[in-house]
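Several structures are given next for inspection.
In the two complexes that follow, chain A is the common piece, with chain B as its partner first and chain C second.
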Partner chain A sequence: MTRSRLALWAVTLLVLVVAPLVFSKGFALSLLCQMGILVVFALSYNMLLGQTGLLSFGHAVYYGLGALFAIHVLNLNKVPTPFIPLVGGLAGLAFGLVFGYITTRRAGTTFAMITLGVGEMVAASSLMFPAFFGGEAGISGNRSQEPFFGLTFGPQIQVYYLIAAWLVICVVAMHALTRTPLGRMANAVRDNPERAQFVGYDPQRVRFLMVALSGFFAGVAGGLATLNYEIVSAESLSALTSGMVLLATFVGGVGFFAGPILGAIVITLMSTVLAGYTKAWPFYFGLLFLSTVLFVPGGLTGVVVLQKRLWDAGLLSRVAPVYVRMAVPGLVFVGGAVVAVEMAYRGVRLPGAWLGTFAAMAVGLLAARWLWRRESDRWAAALEALAGKAAP
Partner chain B sequence: MTAALALTGVRKRFGATEIVRGVDLEVRAGERHAIIGPNGAGKSVLFNLITARFAPTEGKIALNGGEITGRKPHEINRLGLSRSFQVTNLFHRMTVFENVRCAVLWSLGHGYAFWKFVDRLRDANERAREIVERVGLAERAASPAGILSYAEQRALEIGITIAGDAKVILLDEPTAGMSRTETEAAVALIRKVTEGRTLVIVEHDMSVVFGLADRISVLVYGQVIATGTPAEIRANAAVREAYLGSAAHA
Partner chain C sequence: MELFFTSLLNGVTYGLLLFMLSSGLTLIFSMMGVLNFAHASFYMLGAYFGYVISSYVGFYPALLLAPLAVGAIGALIERYGMRRAHASGHLAELLFTFGLAFLIEEVVHLVWGKSPVPYRVPPSLDGPLFTLFSATFPTYKAFMMAVSVGMLAALYALLTRTRVGLLVQAALSKPDMVEALGHNVPRLFMLVFGGGVGLAALAGVIGGNAFVTEPGMAAAVGSIVFVVVVVGGLGSITGAFVASLAIGILQTFAVAVDYKLPFFDRVTVSQTAPVLPYLIMVLMLIARPRGLMGTRET
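Let's look at the complex of A and B:
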């Protein structure tokens, strides 16, 4: 267990070091940088959603304010570039303390509502104070200052390794946090706040500390974005950004520490690579999110972990044929849906094409349903066998 | 000697109905005190008033001589009072061991620390392991609390309740819904783990009450109509009239 975990960390580290050497093209490199930033941001969000059970609609506030403070400090030319993310983190922490005090007075729906309110309030003040928030144009900066031990941080590759270094620090710190008394009590408060009270803990205080600390890491992510893009606009603290991190985290899987990492990678790929092929990518992302909520609440990581557990129990070979057989009608349906979406976006008006597409989708769907009636027993039996092995 | 728990003139109104109608109750330190009464007498409400789940409309509650009325649940817990719940109340996604470990952290002074690893807190881990063993769940230590059987969950509930080493323990119907054998095991467990502490217990099962309690208070319509030893309560005419008699008919 510990050894395999150690191996996982080592492989992750190796991938981080080697990735830019393999994907050295400008586009791929900036993609990796974006991923790194979103990974930190999404992990910080999951400190609330997955670990403390707090649904926040305003997490971009800490990210955006962190980025803003980072770019203002960057423009002072007083703090060496590698420490700019720390400035963002401290700003995120400070606002986490302030807003956390307000938002964590209540949990549940009330908390969600207040975070939405705080988010809108901060977004509105960006219009009122354009000097600080940058107005329509945003605030630009220049990341290459005085060389820091020979590094100017002008070339993207240097920024990549800086982001990778902060990524490792943040991931290790956030992972460590889950194994501290506070981290465990956050889980306890998530599961049962009343019980937490009756073992001596104030759930409000636990939530407050988690919001403040998660604000710190969101702020670091904002500081990294500052260095990566060299511009910060009001959009970085908007509800749009808050929504994006929520979706990324949920699609990845809130129940696992690594979930948001996977979610961040997927959403970055969709918003860049997929966006290069089709304007409809947000639509696909919406569909992905909907399917996750409806069919796999454990997220993509949940799906992966389930396969791993089936594999470990020697049951994967039993369900693999189900996958293969279901894939055929499934692909017909999904393919048809993709064609339909693309035709809609391109304004195709040929009745024959639409009819054919809908026919293909219908055939795929009906075939999948018919097949599932025959296959579902095998699937259910495998899951039951797995549950039997898990609980001796 | 000051009482472990003292209620003076405690009343609780929900809207127009008064559920608890002026209760005076004294629980002596170290005794096992049962509160009995027919359904709807206000026993669970009384527990919820003592532990600040609800605020009393009137009256005072004192723990070891110090007033706790108006305090928050976690503050009362820190003062040395712990409770279990009638409906099982666990951290259902965490393992049995982690449930108990969460319950020992505060009393061992680990507070809200985020600079030390729980796995390395020797005192917390040892104490949690010892308690998991004492409540007979050692083999289930690594199972998520949510998948335990009912009787196991009740045992875990008791484990969490005693984990923080509180001197005053409140148990709300700990044997409700259990079979005869399970009840006997639970009573033995309660007797063992509350050794040297003050126990207040709400219970429907009369064999449990008369076997376990040093003293009994009878609550009828939100008022204590009698307090005394099991023998005295058995002999009390008012109690027979109001409670035991009607229970025999039911």
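Let's look at the complex of A and C:
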């Protein structure tokens, strides 16, 4: 491990410890808790999508079932509160073993379809067994039981540090997993299953193990959610939750370990802070996702990493003018689009306002295209120079 | 007996509606090799467009105009979105349609709000058509059946009897060869996508007022359409037809049956109705990924 990596881990740890002291208001604290839970969930999802190349549409099954088992065990009053996430994790692991055995018999689109089917099946069976799944109202519990070493876990700050501790454990474990032979073979199975099979590994077995393990971490996230919200409803295993974790992970960037972390932070901020300003936040998030798919498949982390590589190679000063010049028409277009969305939401019916907005958007778009034709050479040259510096 | 016939007729109507959706989906899949996650969203757009257009010019013009408008939007999305995503592989394409479904639902939220809109059956089609064992059969259901069957016949004629249809069929199996012969295959893709999406919109126009026109309607029907396409066999229109009717009838009957399940004394058959299609789909994918009549695996 290089010194800069070590420093990054240390800074992350420090931020986790200090964050609640800086953002001590109730809202900010619950925001941090929400973020931590989603980070674990999204990282577990990326074990499949990014590391093994498996697109799953039903990952919420493990999260939701983990949360349900956690709340039922919590209500038994037998397991100390700090170990409840472990219960969720074990439930996630158990269902990961069962469903993983079914789903990983095929890869690619068939895998995606089976996960969709399993996800819908589990979500629909919540109607069949309302006693276990909680029905419409959900199941509530109480996290503050007998004090555990003097901690009751009643106050939010104690729950925050519990979530932070589990977060660190899970992140370290998942990062360590990428360094194990299994993690490496998962990458090989993603890139070329035939060759992986040729060197003596069974791709189906590798996929199965990855699904089961990722089910464990998703279950831990579910258990953490149980402690944080003290209520579990059938929504936690719905297709909506599966979709959200997919969107968050992809926007963050599937090709990097830190990608899902960034994605989880961004989506939490959008769903809470941005949602305070506009009801249209899912629309903006959907646009962000589509633009990621179309223009930057590496996600937000990919963009950041590219800038860092340009900086290291001393090329950032060459591309900075391109950014500045492109920013002007880009901002006009984006600003126009935001105004249009907000007007649609607020039901503005003035033809003049709409015409003006669309005109601004068109001008921004045309100017951006015209400018890009002149600037793209400089950009391409910088990227070429970067590739040239990296090669020797 | 009465229950049997009403359930059967309702099941067939629902199945035919499912077929209008699944035929377009399966055509798009067999041509471009990508499952269009947003297909049911275009069904929803069709219902909302039908509602808006019929409030200005009446129901019958809307029956034609709404699918055309949605089809045009679909063609534009194919041209400027899908084609770009296609360049970065199947995964990107699948994710693109997934994001599109999410976005369309949000657009509907923004423009029409979260509650259902009052999209009603036109007065000329309202009311009972005939009475069967003291249960009445509504005229509108017969109309729905007529439209779906007419569409099926038109689709069949288009695919087997016209030049465009033959080109589409040729491009299904050998796109490179068709392109080498001087035909514009990307434009054909655009046409098929627009057409398939237009069919879904037509289903939306006639289904939206029979059921409810609300933002959740895409999600409600979307996964069922996937079940139909997977069970019927990806790429097979006949398979989609058989599976649509089978799933439609199965779901209607399961809801109507009130027997208790063995071993689970508190669960009735009607409660299993939402689970059944997905169970069939998962079993089908494991045992026979080609589906009932598919020619290749997913």
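Assume the second predicted complex is superposed on the first by the 391 of 392 C-alpha atoms of A that agree within 3 Å, B and C clash if a C-alpha of one lies under 4 Å from a C-alpha of the other, contacts with A are read in each partner's own complex, and residues count from 1 in each chain.
We adopt the following convention: a contact is a pair of C-beta atoms (placed from the backbone, for glycine too) under 8 Å apart; a residue touches a chain by one contact, two chains touch by 3 or more.
The shown structure was predicted, so the numbers you read here are calculated from the model rather than taken from an experiment.
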{"item": "Combined model on chain A: chain C and chain B, fit or clash", "value": "fit"}
{"item": "First, second, both or neither for A:A380, with chain B first and chain C second", "value": "neither"}
{"item": "Which of chain B and chain C A:L355 touches, first, second, both or neither", "value": "neither"}
{"item": "Chain B versus chain C as contact partner of A:V98, first or second or both or neither", "value": "neither"}
{"item": "Which of chain B and chain C A:S125 touches, first, second, both or neither", "value": "second"}
{"item": "Which superposed partner A:L116 touches (first chain B, second chain C, both, neither)", "value": "second"}
{"item": "Which of chain B and chain C A:L366 touches, first, second, both or neither", "value": "neither"}
{"item": "Vertex chain A; arms to chain B and chain C (CA centroids, nearest 10 degrees)", "value": "80"}
{"item": "Residue contacts with chain A in the superposition, chain B compared against chain C", "value": "C"}
{"item": "Touching partner for A:V273 - first (chain B), second (chain C), both, neither", "value": "neither"}
{"item": "Nearest Cα pair across chain B and chain C, whole Å", "value": "14"}
{"item": "Shared chain A surface residues [contacts with chain B and with chain C]", "value": "none"}
{"item": "For the chain A and chain B complex, residues of the former touching the latter", "value": "176-177, 179-185, 187-188, 190-192, 194-202, 205-206, 209, 213, 391"}
{"item": "Complex interface listing, chain A residues touching chain C", "value": "55, 102, 105-106, 108-110, 112-114, 116-118, 120-121, 124-125, 127-129, 239, 243, 246-247, 250, 280, 282-283, 286-287, 289-290, 293-294, 297, 341, 344-345"}
{"item": "Chain C residues touching chain A - in the complex, by the definition given at the top", "value": "35, 81, 84-85, 88, 90-92, 94-96, 98-100, 102-103, 106-107, 109-111, 219, 223, 226-227, 230, 267, 271-272, 274-275, 278-279, 281-282, 285-286, 289, 297-298"}
{"item": "Touching residues (chain side chain B, partner chain A) in the complex", "value": "51, 53, 72-74, 77-78, 82-83, 85, 89-94, 98, 101-103, 105-107, 110-119, 121, 143, 147, 160-161, 163-164"}
